[in-house]
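Which chain is which? They are A, B, C, D, E and F, in the order written, and residues in each are numbered from 1.
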């Protein structure tokens, strides 16, 4: 049975009702959202339901939308069903003040480091993660650099600190 | 010599029966900057903790301030053994996002470059497996042919390692005849050398014993750990982005996907080896297809997309309209459409994905690289637990961990 | 047959001989390091050292000079005396073998007959064996004294490897003893030179075992586990610098030359040049030809060592032990049995 | 060379071994001291063998008197080698169990 | 004093000093190395006595194998000098006194014993220490003990492996 | 796991044959391979004496170009600095004064033009961005210097020798590049 985006959408709506929302399809990938409380349920359903079979976590990353008050941080999961060759994007959002999201690392071993990376860059606090600490940045860092509140400096500025630019 | 030390040892460290070894950050086996803190009991590895991040360069943050064309040099530095694939992957992502259609010839040229890059990547990995088992010579034999590949890059883009090859919509210039001559030379000579390299290792009992049954992983675990690319195929899953979701007209080519069974180092070696032969066959097909283009078609090297592809230099010097487009593209003043895309190519190490989110500005709102290395390096502990230290070293190199890709 | 014949002329003669042998060995060693680099280079399609002097011939001198000029570094946490003792021991042990090798027949000079062998002791083979078993101390002590985990692991590897392969080596030698009936290297060589076939014809399997064990004793690939650079960061000499490092590197090459000399003497007729009648030329010239022949044989063996090193991968620790205990020793015993059976059936 | 010299030398070495066994607590050193004592005995045996040989040689030039002493030394070495392999294995076992090579703590092995 | 005596006394002094150093070195590795020197000087004595075979076997077996094993075990355990247990001073003192009295007692006994007086040891002469006579004796009169010792070796090997395996 | 495609093909992982188990055969085979390489041509380029040929588009050190009359091409538009992903280029523009027409081609010129070669990644984007054919990447590479400061190339280091006043040096510079 060929799996298509509509089937997935219908299946999810049938199972979770209005808890899954904002279905859309961009460049052939179905994306949808849900509240962060049921992210594990949805991921597990997608994993275990034989007609869906999204057993491969391709990617997990965070996005920061500073303008969406109350849902500034978004965790995006890209899932893949190998045998049906179909991808799926699923995201949950969380407030920047209350960043707890359930970890997917019990379901996918691969989520372990990707969640650490997301924590490192966005400060998403994955609950139940076995080893949630910074991975790419130094442990002493006290902010989350990929949030939009920390902009890169202006490229064209001319008052570059020479010492920082290898001129010192 | 007496010297004062006030270091208090952690509790139980005197009594512990294992030795802590730091394989890395600089160790001959790591081939890059990352660390493994290994607990070994004699020669057996009890556990290991991998540390990455030593060369983290904040690419994702940098990309948020760069117009699309300036992100290409950033992708160079992900997997620097096969940077053209990264470049092409990024261009393909942009083209898919901007919904540009590319002429077939550009696709085929890209396939040639990407497969060359794949060969150079696999070749390094396999010969490094040889080096790490103690045989250095094979490495230098094949390295001469990586040089040929690099010369082809140089002929096309002017650089060898960090290529910055291609542009959104095509290539920056057409392939010269010299490039094609070098390609022909490569295609003629390389299979022989590869055969020789294979003879040097593949059926040598010492090598087989070193690699067989070490660093193995089952298909289920590999999938759970997010393996992709040759490492996943070595475990027996024939997942290849080129077949599953063809990009750049890969569907036009006839090639096989080599798969192993146990996912051990030997399988990884063999899969990479077989893939190099497949890549050669793909390049041959693509080269043949390119030669079939006639007339004006045979000169096409970019799509006709003035919004994204720079006008010719002569036009810039003389024509006002071209100059305006030139300025607009270089200054990055073209607004991107709103939306998001995930697009993947088959990199040297596996599925190299780009997740691009745009809010309609001139630069990506968020760009995430799915670096295959980063994801499968997590499994390292499981791969080597209970094995010997020497196995760990061979596993490390046969996984083809590239520090640039580990730390975006 | 005594070791303590205190004839002063002989002592002086022997001292000069020792000095000449040691100096020649060191000079050859110097050029063996150069040879290693050149052989590696031409096997790997590259020119190798070619900057210092014509064809890079002064390269070993430059290397030696560099090693001498380098800063002496002794880690503060290292055990200082042992740290210095290690390379010295390694060097001494490797040079000591040269005492029993017959470098040629005899030279007549100033009315004296000079034997080209430092000491013709009738337990020459056992002496070789004893010195070889000493060789591991240099590595062990150096590795331990560095106070580095990698070095320590390497020292342990070296010790167990040396002990394991000594046994097979000894067993291979016993088979040779059975067929030659003497322990004196001089007699062994003289027998071969006197028209017998070379011993390798009688003992091909024994030679193979001895060769493999010699590789293991010299820590050459595929048995270079103690200094496996990809695993142990060059192992026991990781913390060494300047001439102490040079001693370790040198010792490896001296070992190689000595085992080549031993193999050439025991299995390949030593200074015997086949199909050449030594009596047709003056005895001194015959002796010189003999020395030349032995040197050529040594060079060929050294080349073989290098050729193997630059071709094949190395073993893993457990595989090395497997090979040593489960393959080499039974094979050597088998070889011994066969030799015994043949000798019995002949008598 | 008078035999007393050899006897005194061997006695001294033997006593040093005895003192070592009495004063050191490190099991390996104790073991090494035992080896030292064995070697002193070996040397003495060889010296006696040569003493007897010298006496017998005056009577017969082809005598093999004293050779059995050297054979004994040979066997002592054989036994020592076997003893060391077992002994060291025991010490390693002891170290694994008690994390110490102190002979005074050997009673830890009781349970 | 002739050369042989000089050699004898030099080797003896060397042996005794090294043996004392075995005792007083704090670091077990140093002890091992000093003990190797003792063995070398004893081998020197053997050569002096023209027991060439025993000299070389002494080096092969003791210095080449047994001491490597010791060194190996010490390295394996990584015994540091500060971890080395020390006996109390008075215990040591008593040990030294006991050993010393033992030595004086024996020396006095030997001095009194007349059967040793005037007996000389034959140095550097006599071929009983060479390989050929030893081999003949070993494989004729002592062939049974020789075979038994091989059984001993086998059992020791098995024993060591079994003990080590646990 | 079932096959995902019909293109998969298993690699040859057959167990060792008897001869392969003997070690020697394959070792000798390998040794023959290495031996045959003793007589192969060496691909080595003996660098200072011998130089390999670069492709004409090679991206080496930067050069600021002049036109045929020896005037600087650069008009200080700043596109190269904008295009530079490594932010290695700094420039300050100045107005051309009366009587300087023989020096500068356009009315504006770069009074200060610095490239920090330690930051430069030689991606070639500046060359591509230049609308005046003023900056291009030459075929020289591997600069060496004793200080970090020495790697900040200012205009004098970058400018190509003047055709009119310094023809010999230009020829030399071109000779090196060719």
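Keep this in mind: contacts are C-beta pairs under 8 Å (C-beta built on N, C-alpha and C of every residue); 3 or more make two chains touch, one makes a residue touch a chain.
Note that the structure is a prediction, hence the values are computed from the model and not measured.
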Chains contacting each of chain B and chain F, listed by label: A, C
Most remote chain, CA-based centroid, reference being chain F: D
Chain whose average C-alpha position is farthest from chain C's own: A
Gap in Å, rounded to a whole number, between the CA centres of chain D and chain B: 65
Centre-to-centre distance between chain F and chain D (centres being mean Cα positions), rounded to whole Å: 74
Geometric centre distance via CA averages, chain D-chain C, whole Å: 33
Where chain A and chain D are represented by their mean Cα positions, the distance between them in whole Å: 73
Shared interface positions of chain C, touching two or more other chains: 43-46, 310-312
Multi-chain contact sites of chain D, meaning residues that touch two or more partners: none
Multi-partner residues of chain B (at least 2 other chains): 137, 141, 144, 200, 204, 206, 223, 237, 239, 244
Footprint of chain D on chain E - complex, ascending: 4-5, 8, 12, 15-16, 19-20, 22-23, 28, 31-32, 35, 38-39, 42, 45-46, 49-51, 53-54, 57-58, 61-62, 65-66, 69-70, 73-74, 76-77, 79, 84-87, 91-92, 94-96, 98-100, 102-103, 106-107, 110-111, 116-123, 125-126, 128-129, 133-134, 137-138, 141-142, 145, 149, 152-153, 155-157, 159-160, 163-164, 166
Chain A residues within the chain F interface of the complex: 82-83, 85, 155-156, 158, 160, 165-168
Residue ranges of chain C touching chain F (in the complex, touch as defined): 42-47, 50, 307-308, 310-312
Sites on chain E touched by chain C in the complex: 3-4, 7, 27, 29-30, 33, 36, 47-48, 50, 52-53, 56-57, 59-60, 63-65, 68-69, 71-72, 75-76, 78, 124-125, 127, 130-131
Chain A residues touching chain B - in the complex, by the definition given at the top: 26-27, 29, 31, 55-59, 61, 63-64, 76, 78, 82, 85, 87, 89, 108-110, 112-114, 117, 121, 134-138, 145-146, 152, 155
